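Got some structures for you, see below.
Across the two complexes that follow, chain A remains constant while its partner is chain B and subsequently chain C.
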Partner chain A sequence: MKYVIAQSAEEALKALKDAEGRGTIIAGGTDVMVELHEGERTAEVLVDITKAADLRGIRIDGKEIVIGSAATLSEIASDPIVRQYYPSLCKGTGSVGSLQIRNTGTLVGNIVTAQPAADGAMSVAPLNPVIVVRTFDGEKRLKISDMYVGFGKTALDTSKELVTEIRIPVPEKDEKASFVRLELRKSLSLPMLNAAAMVKYSENKVVWARITMGPVGVGPTRAAAAEEWLKGKELTEENMAEAGRLALKDANPRSNPLRGSREYREHSLPIIIRRVLEDIKAQF
Partner chain B sequence: MTYVGKSIPRNDGFDKATGLGIFTQDVALPNMLFGKVLRSPYAHAKVISIDTSAAEALPGVEAVCTFENTTNKPFNTSATMITTNPGAEPVRDQRVFTGEPLYIGDEIAAVAAVTEKIAEDAVKLIKVEYEVLPAVFDPLEAMKPEAPDVQPEFGCKEHKNVCGEIVEFGIGDIGKGFEEAEVIVEADIELPRVKQAQMETHGAVASYKANGTLEVYSPTQTPHPTKMILAYALDMPESKIHVQNPPYVGGGFGVRIGLSGKAEILAAVLSMKALKPVKIQYSREEDFLASDTRHGGYLHCRLGAKKDGTFVALDTTAWLNTGAYATFGVELLGVCGACGTAGTYRVPNMHYKGFPIYTHQQTAGAFRGFGTPQGTAVVEAAVDKMAQKLGMDLLELRKMNTTKPDDKNWFPFPVGSVAINECIDKAAEGIGWKEKRGKAQSGNIRRGVGIACGTHVSNAAPFCVDYDAVYLRIEQDGSLHIGTGIPEIGPGSTTALIQVACDLLGVPFDTAVMKFGDTAAAPFDIGSHATRTLYAVSQVIRDAAEKIRKDIFEYAADFMGVPADKLDMSEGIIFGEGKEYPLSRLAYEAHLRGKQFFAAECKVPPNSLPWYAQAAEVEVDMELGIVKVIKIVSAHDVGKVVNPRLCEGQIEGGVLQGVGYAVREEMTYVDGKGFYNKGFHKYMLPTADDRPEIVPIMIESNDPAGVMGIKGIGEVGLCATVPAVLSAVEDATGVRFDAVPLVPGRVIDGFKKAGLIK
Partner chain C sequence: MEKLNVTVNGKFMSVDVDPELCLADFLRDRLFLTGTKIGCGKGECGACTVIMDGKAVTSCIIPVMRAEGSVIETIEGVSDGDKLHPIQEEFINKGAIQCGFCTPGMIMSSKALLDRNNDPTADEVKEALGGNICRCTGYVKIEEAVMSAAERMRNGETSK
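What follows is the complex of A and B.
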C-alpha cells in the first residue's frame, strides 16, 4: 500500500488521479483505518490530507464560517469562532466518539461515513452548510441532503473527489441553533437518538425552522411536517411539544438490541425535538 | 509498623507506566506459530462431516486440530476441577473440541500457521456440515420437561438441565420461622448476563517439545491450578508442565480462574501437533462471545419478621443461567446463597435453594462477587419492602438485624470483627441520607438516595481446596526475596504483600522483591480469586517470617553476644541489649560459612467476613427514563488498611463495575444470531466520562483471624451497587424496579406499568 502525504488540495487530487480509482482520501483515519483492518474497504493508495495547509483551519470569509476538511473535531469543538456563532456545533462535534477520536477525526469524515446518527453531521445539518467538493474537472457545491445516498452510503466518490471545506452562513441575530443527544454513555457510543435545529425567530414568531434528527432514516433526516407547522407560530411549550409529535411523521426509527427499541425511540423522539426547540427558545 | 498503612507506590508501577512490562501478547518465541479457532455458528448442532483438507493444503499451515484428532477427555476449564473438596466430584463436561456444539462459539477445530492471517484464512477453508438441533436459552424454560437436554451425558440425572447438583442449605426450621413471622414480604429480581471486560483478552503461548515438556505463558489468575488442569486433560506429568504469567496480567475479574478462556489448552494441542510454539490471542469478539460471563437469571426471596422488625425467616431461591458448560456453576450458586443470603443478617431460620441451569448459551462462570451480587440484590430488595411494610427506617431495620460479632451464623467459622453498622452509618452520612431520603418531588428531573449492605468472604476455604505456600529467602546482602505462585492481576496484591512481609520480618521495603505468577517460583498456591490474595497469602508469609526470624536471631546471637530471645529486627537492623548488627552483614557472614536464611511454609488460611454498605444517589429524567448515578459512597470494613491508595482503587473500580451492572451493562441475545455484544462498541461498559463521584470509606475493625487484622477487599466494591441504585431510583420515582440494567426502555416501561406516564 502506498501512503501519500499531500501538502495541498491540488496534490491530493493529483495523487487520486494517479491512483486511477484505487486510492482514497484519509484524514483522521478513525473510520478508514478500522474499515481497512476489518476488510470492509480496500485501497492501494491512501492520500493523507492532514498536512495540506489549504484544507486546514477554521476562518471567517465574509458572511460565512469556513471549516477546512482537515480540521479536526476537537479543533472545531474548541474554536472561538464556532463557539461564538454556533455553540451547538461545538456540542455536536464535541460528542463524537471519544476525545482521542475527536483529536484526529474530522467533521467532513463524520459526514462522509454517512451514519444516520453521527453527532458532528447532525449538529451541522440544520445550519444550511455548503459542502465544497473538488473533482478532477472542477468544483461542485453540495447541500448536506445531497451527501447521502443510503444507510452508511455517501454520495461522494472518495477515489475521485475531495471535500475541501464546509461553508456555513454566519447566523443573523434572530437565528439560533441547538443540538441534543440521547445517550447511553458519554463516550465511544452512537446515541440512541440525536437531533438538531436552527430557527429564525422574529417578533415571537417562527420565520423558518430547520430540524434534523437521527437515526430515523438516511442521514440527518428533516422533520419537514414539524418545520412547516411551526412557521408563523410562537415557541410556546404547547407548540414545541406539538412540533415534537409531528416529527414522528418524518421519522422511521428501527429497533436496535442495544440503543433502544423502535417503541422507545418513538416515545423519546418528540421529547428530544421539543427539547431542541426549548434550547433554541432559551437563547432568545 | 513501618510500611503497613502507607500508600507506597506499586512495585509493578514502573514497568506498567513505561510500557516495559511484558504481557502474554508481548511473548514471542523462536519459530512461533499463530493459532485461530473455528467456532460453531449454531447454538446446538451436530457435526455431520468435517473436511480440513483445503486448510491443511494452504501454504504456511502447520497444524490442524479438530474433535476428531484431538484428545476428547472431559475436563473443566475452571479451577474447580482441582479444588473440589474431598467427597464431592467436580463436573467435567468440556472437551478441547466438540462435534456437538452447545453454544454459538463452541470450539470445533483450530489451525496453527506461520502468520495470524494464514491461520484465519485456513479456518475459513474448513468445511463443516451441521445438523441443527433444538436449543433452549432461558433457565426456567430449560427446566421444563419438554426442553432439549443440554448435557445428557454430564448433567444431573434427577433434575432437568441442572448442572452438577441443586445447592440447598439452611439453619433452623424455615417452616416454623414463617409461622412465627408476623409480617412477610416477597421480592423478585431478574438479572442480566454481564461481561468482565478485562483489558487483556484471553490468550496463551504454549511450547511443547518432543521431549515431552510443555511451557505455557498466559494471563491465568491461577498458574498452579492451570498447570494441574492441563496435566489432567493432556495426560501429562505435572512436573513436565511449567505455567507462568509473563509476568503481567491485564485484569482478571474472575474470568480466568483456571484457563484463560480455553487459550492455554488450544495453544497446547496445536503445539503438540506442530512441535513448535503456538500463540493464541482471542479477539475482543471471541473474548466477549466465547468465554465465561456473570450468571444472569432469576431470584425470589421471602422474608418474615416480627412486628418490631426482628427477622425470623429468610427463604431464597435462585435459578441462574450457567450456559453450556458447568465451569463454576455449582460453586457460584453456593456462594450466592452463603454470602448473598446467609451472611448479612441474623436470621434464626434461613433456607436457600440454588439451581445452576444448563442452557445453549455461552458459559457463565466466575466474575467479581461470584454469586454474592445476585443474592444480595434480592435480599436487599426484600429488606427494603419489609421496612416499608413495617413503616420503619431502612437504616434502623438493617442495623437491628445485621450480624453481630458474637453471633453464630451459617458460616462454619467465627464471624470475627463486624463493623457493618458503622459502614451503614458512614455510607448514609456520606450520601446525605437524612436530608435527601424520602423527599417528595415533582418535575421532570428527580433525585433519590438508596442504600444496601452485605458481606462476602476473604478466601474460599473451607468451601473448596484453597491453600498457599510461599518461599522466603534472605539474599546474601540482606535483601528479601519472596517466591509465590500468586499472580498480579492488577489490584496491587504483590505490593501490599511485600509491605506486610517487610513489617513482619523487620526488613526494608526498597530492597524486597516478590517473584510471582509462576509455578516454578514456589509450591502450590491456588492464585488470585475469592477476595483472598492479600488476606490468605499474608497468613502463610507470617508463618515463614516467624521461622526465618528465629533462624536469623539464633545465628546472630553468636555474632552479637546477645541471646536469641533478646533480639528483634527493624528495617534490616538486628538489635537487643543495646547492641546493633545489620542483617546485610550477617547474611554475608552466613554466606561465607555456607548458610542462607530461608523458609518455606504452607497452610490453609482461615476466613473472615468483609462487611460493606453502599449508598447511591441517582438522578432520573422522568420523560426519557434516563437513570444517572451521581454519587456512590462505599463504606467497607476491611479489617486493616495495608495500602490506602490501592485499597481505594479496589473500591472505586468495583463501584464503577457495579454502576455499569445496575444501569447499563447487559448481554443481549438475538435469536438465531447469538449475543449482540461483539465488542466495547456494542456493550455499554461505563467509560471514564460516565464515572459518578465515588467516595471510598475504609473502616478498620481489626479482624482477629486476619494478619494485623486484615480482611479482603477485592470483589466487594460492586456487591451492593445494584440494590443501592434500585433503592435510590425508588426513592426518586416511587417505582421499585425488579430487573436491571435500568436502561431507558425498561425504565419507561416501568413508569407506564406504574401509571406515571401514558
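What follows is the complex of A and C.
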C-alpha cells in the first residue's frame, strides 16, 4: 500500500488520478481504518488530505460559512464562527463518537460514511448546506440529499472525487436551528434517534421549516408532511406536538437490538421532533 | 516502506515504516512502547490513547503516516524517570486503578485535558474521558484523581 500526504486539493486529485481507481481519499480515517483492518474495504493508495492547507479551517466568505473538508469535528464544535451562528452544529459535531474521534474525524467524513443517524451530518442537514465536490474535470455542487444513495452508501466515488468544502448560508435574524439526540449514553454510541431543524419564524408565524430526522430512512430524512403543515402556523405547544405526530408520516424506522425497536422509535420520534421545535421557539 | 519523521516522547526519529500499520502497532511493535494498550482496535475503548500534537487521539485508528512531522507523547513519556507525574500519582492515591488496562489511555486523555486546562469542571473531565472505557473502577475514583491532579498542577507541579 502507498500512502500519499497531499498538501493541497490539487495534489490529492492528482494522486487519485495516478492511482487509476485503486486509491481512496482518507481524512480522519476513523471509519476507513477500521474497514481496511476488517477487510471490508481495500485500497492500494490512501490519499491523506489532513495536511492540505486549502482543505482545512473554517471561515466566512460573503454570506456563507465555509467548512473545509479536512476540518475536524472538534475544530467545528469549538469554532467561534460556528458557535455564533449555529450552536446546534456545535452540538451535533460535538456529539460524534468521543473526543479522540472528534479530534481526528471530520464533518465531511460523517456525511460520506452515510450512516442514517450520524450526529454531525444530522445537525448540518437542515441548514441547507452545499457540498462542493471536485472531480478530475471540474466541480459540482451537491445538496445534502444528493449525498446518499442507500443505507450506509454514499453517492460519492472517493476514488475519483474529493469534497473540498461545505458552504452553509449565514442565517438571517429570524432563522434559528436546533439539534436533539435521544441517547443511551453520551460517548461512543450512535443515538437511538436524532433530529434537527431550522425554522424561519416571523411575526409568530412559521415562514418555512426544514426538519430532518434519523435513523428513519436513508440519511437524514426530511419530515416533509410536518414541514408543510407548520407553514403559517404559530409554534404553540399543540402545534409543535402535532408536527411531531406528522413526522411519523415520513419515518420508517427499523428495529435495532441495541438502540431501540421500531415500536419504541415510533413512540419516541414525535417527542424528539417536538423538542427540536421547542428548542427553536426558545431562541426567539 | 515509507519514510516517517516523528518525535516520540521528546526523541526525534526518521524511520522506514510499513504504511499499512496503525500508529498503535508502530509504537508497540517497532518502538516497544507497550504501555499503549490495544483493546478494541476500532476507536471505541480509548485504551490506545496517545497525545498527538497536543490532542488526545486513539492510536489504533491513526494510520502511522499521519504522524509525519508530528509530536507524539505516550504513557512512557509522562514520568521523569522514576518521578511520577501528579496525574499518575493521583491515580494511585485515589485507587483509580484496578486491573490497569485502561489506565495508560485514561492518563493520556487526562493529560491532554490538563495540559490545556488545569482547572476543569466535572463536565469537562467527563467529556475528556468519555472515550475511555474502564471495566473495573466505575469512573468515580478516576474523576477524583483527575481533579486532585489538576489541583496539584495548578500549584505548579509536573513530573519534570
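The criterion applied here is as follows: the second predicted complex is superposed on the first by the 284 of 284 C-alpha atoms of A that agree within 3 Å, B and C clash if a C-alpha of one lies under 4 Å from a C-alpha of the other, contacts with A are read in each partner's own complex, and residues count from 1 in each chain.
Everything below uses one rule, namely that a contact is a pair of C-beta atoms (placed from the backbone, for glycine too) under 8 Å apart; a residue touches a chain by one contact, two chains touch by 3 or more.
Owing to the predicted nature of the structure, the values given are computational and were not obtained by experimental measurement.
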Clash or fit: what happens to chain B and chain C when chain A is overlaid? clash
Dominant toucher of chain A (residue count), chain B or chain C: C
Considering only the touch criterion stated at the top, classify A:182 as touching first (chain B), second (chain C), both, or neither. first
Counting only touches as set out at the top, which of chain B and chain C does A:2 meet: first, second, both, neither? second
Which of the two partners, first being chain B and second being chain C, lies in contact with A:173: first, second, both, or neither? neither
State whether A:271 touches chain B only (first), chain C only (second), both chains, or neither. first
State whether A:30 touches chain B only (first), chain C only (second), both chains, or neither. second
What is the contact status of A:101 with respect to chain B (first) and chain C (second): first, second, both, or neither? second
Which superposed partner A:258 touches (first chain B, second chain C, both, neither): first
Report for A:192: first if it touches chain B alone, second if chain C alone, otherwise both or neither. first
Show which residues of chain A both chain B and chain C reach, each in its own complex. 98, 186-188
Which of the residues in chain A come into contact with chain C in the complex? 1-3, 5, 26, 29-30, 33-34, 36-37, 46, 48, 50-51, 74, 97-101, 103-104, 186-188
Chain A to chain B touching residues, read off their complex: 98, 182, 184-189, 192, 257-258, 260-261, 263-264, 267-268, 271-272
Considering only the defined contacts, which chain B positions touch chain A in the complex? 623-626, 664, 668, 670, 676-677, 680-690, 743-745, 748
Which residues, counting only chain C, touch chain A once they are in their complex? 2, 19-20, 22, 41-44, 46, 49, 55-58, 60-63, 65-66, 68, 109, 126-128, 130-133
